[in-house]
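Everything below concerns the one structure shown next.
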């Protein structure tokens, strides 16, 4: 018995990796279709956008880059679909270097949706270039947008862009959305957009960061929140456009179950060894 | 099964596999992947940063507008490069001082309202009209907030009342770390699942 | 102004003046002295300085790898060649036409860079699984609380939790809102006090370390 316990305790980590890979791949190839109930923070995120008067100007902060694309990307896609569907105008800005490139990936992906909605670049939405400086850039953008981003991503002077015609500072926006993988992100927007200008803010956060933003959500500083891929999947379901997030949910369930089983099994092995009579 | 014939997909898939070899051990394939990532990231960052810096500190001279701010930005920005010489490195401190002073001013006013006052206000909730469960949750939250802050009072020994408060704070923090661990598992699994989907569906054409 | 003043004290004076102007401008409006414009332009200048500092960092990285190449550092120099070649390729392609908009520039980002960045991040999933079995041992009350909270939050995040038992997402939600929310609120309040105290020390010149070598 102690030999078995010892073997289990020192199991090769490659066995553990193999179990995880098999579980995820098996479910990806044979999806189960578990239901995904929608939670209140996601519902509030959706309602914050859908309840805006048509034609409102929204700031979308793309505060992530390639590494967080699998989790934040579906949030951005679903958010842009919702903004287009509810006929809002939006400005895509980023304090992360990879943000504009990510925006271009999703603008290309949603080209058909954008074209069929009649929305036009420059008139209904615009992409700003990477704004260097983190919190100082966020403050500068809130204070004087056209002085901070002199041109759009493609080099057109912002003074020539119709959607920014009457925009001076944060007060000209109806809502700020921050889809973030870390810093700069939610807290910078809270300090430089929400607190000084009373700007309503909703956020899409990585699963690892969502617990740290709960105090802001509970205090009402963040009006709605997408928490990780689960939040993205819920939003996709609400807007009726299931995409990559929904298709990953079953595999996510499999991965979580495997991790929980490892925690439980590892502790059983530990307890058996701890309370095993000596000499056996 | 229709394996992709797109060379871009093949490049991405092979680099993915190269990078995954690290889970077994360090090896030349992983080192290639690592250096490709660092090289591309650095080049990309240079371009997007230069784009912003050029628009703010160089382009205004060609347009004849905003010369004062552009001039100050350009001078202070170029002074940063004096860091390469020990004799002139002190000049870069002038630029850093502007950056630090501005950021510090933003920090003080930002933290004071958004993260101190608003969060303290949110902890103090009128309890008279709350439902019983909400009342319990609100009081429990207040206790945990106070206990967590008292855990970080290192200028007094954690004994007696302070010790009890700190212990409760520690239990609250463990729950928070557990929640963060749960979130971390979701994030990392999500990214792995996306990579697996790319390899299985986009590259190999399965499913 | 003497050289010691310029080297040692002037940066501290600049930190103090810029910081105080940023704080005062938040509380008072003074359009007659263009205070609002000064604040906006200070933030802008600071962000441009940060940009030049970023470029300095990239140059430093390149210099490190050029040194590896020139010294033919064993086991490293070939990788340095690859790295420097890709940096130059990315910069070259990025400077074609309007900076950073060329299709090849986007291709480099969308295919190799996204693939590698996401893969490196995802490697931790395997280490988490391995640690869950081999290292996550509950040896105390604190460990038990952490493990229970983690399990319930995981079952809240994954749809399988709700499918197994409706209580999992409910309890997970409660853990997120009450103990987790309260503890992180404590962190936020504590770190805000610390950040303000540290900022005041910087503004009054008691923290010179941030300014680097003189």
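A, B and C label the chains in the order they appear, each numbered from 1.
One rule holds for everything that comes next: a contact is a pair of C-beta atoms (placed from the backbone, for glycine too) under 8 Å apart; a residue touches a chain by one contact, two chains touch by 3 or more.
A quick note: this is a predicted structure, and the numbers were derived from the prediction, not measured.
Asker: Find the chain most remote from chain B, comparing centres computed as mean CA coordinates.
Answerer: Checked the centroid distances; the maximum from chain B is A.
Asker: If you average the C-alpha positions per chain, which one ends up nearest the average over all of them?
Answerer: Minimum centroid-to-centroid distance belongs to B.
Asker: Calculate how many whole Å lie between the centre of chain B and the centre of chain C, each centre taken as the average of the chain's C-alpha atoms.
Answerer: 4
Asker: Just the number, please: Cα centre separation of chain A and chain B in whole Å.
Answerer: Those two chain centres are 13 Å apart.
Asker: Where the CA atoms of chain A average out and where those of chain C average out, how many Å apart are those spots?
Answerer: Spacing between the chain centres: roughly 17 Å.
Asker: Which residues of chain A are in contact with two or more other chains?
Answerer: Within chain A, residues 17, 67-70, 98, 100-101, 129, 131-132, 136, 139, 147, 196, 207, 211-212, 215, 218, 227-228, 230, 252, 255-256, 259 contact more than one other chain.
Asker: If I count partner chains per residue in chain B, which residues reach a count of at least 2?
Answerer: If we look for residues of chain B contacting two or more partner chains, we find 23, 44-45, 48-49, 51-53, 56, 99, 102-103, 106-107, 109, 111, 115, 119, 122, 176, 179-180, 182-186, 189, 191-192, 194-195.
Asker: On chain C, where are the residues touching two or more other chains?
Answerer: In chain C, 26, 41, 43-44, 46-48, 50-51, 54, 99-100, 109-110, 113-114, 117-118, 120-122, 125-126, 128, 147, 150-151, 153-154, 157-158, 176-177, 180-182, 184-185, 187-188 touch at least two other chains.
Asker: If we count contacts the way the header does, which residues on chain A are in touch with chain C in the complex?
Answerer: 9, 11, 13, 16-17, 19-20, 34-37, 39, 65-70, 98, 100-101, 104-105, 129, 131-134, 136-137, 139-140, 143-144, 147-148, 153-155, 196, 207, 211-212, 214-215, 218, 227-228, 230, 249-250, 252-260, 262-263, 265-267, 270
Asker: Which of the residues in chain B come into contact with chain C in the complex?
Answerer: 8-9, 11-13, 15-16, 19-20, 22-23, 31-54, 56-57, 69, 72-73, 76-78, 80-81, 83, 86, 89-90, 92-109, 111-112, 115-116, 119-120, 122-123, 137, 140-149, 151-152, 169-186, 188-189, 191-192, 194-195, 198
Asker: Once bound in the complex, which stretches of chain C touch chain A?
Answerer: Going by the criterion above, the answer is residues 26, 36, 39-41, 43-44, 46-48, 50-51, 54, 98-101, 106, 109-110, 113-114, 117-118, 120-122, 125-126, 128-130, 132-134, 136-138, 147, 150-151, 153-155, 157-163, 169, 173, 176-177, 180-182, 184-185, 187-188.
Asker: For chain C, which residues count as touching chain B in their complex?
Answerer: Interface residues on the chain C side: 6-7, 10-12, 14-23, 26, 41-56, 58, 61-62, 79-80, 82-91, 94-95, 99-100, 105, 107-128, 141-143, 145-154, 156-158, 172, 174-193, 195-196, 199-200, 202-203, 210-214.
Asker: For the complex, give me every residue of chain A touching chain B.
Answerer: 14, 17, 21, 24-25, 28-29, 67-71, 97-98, 100-101, 129-132, 135-136, 139, 147, 150-151, 187, 190-192, 194-196, 206-212, 215, 218-221, 227-230, 244, 247-248, 251-252, 255-256, 259
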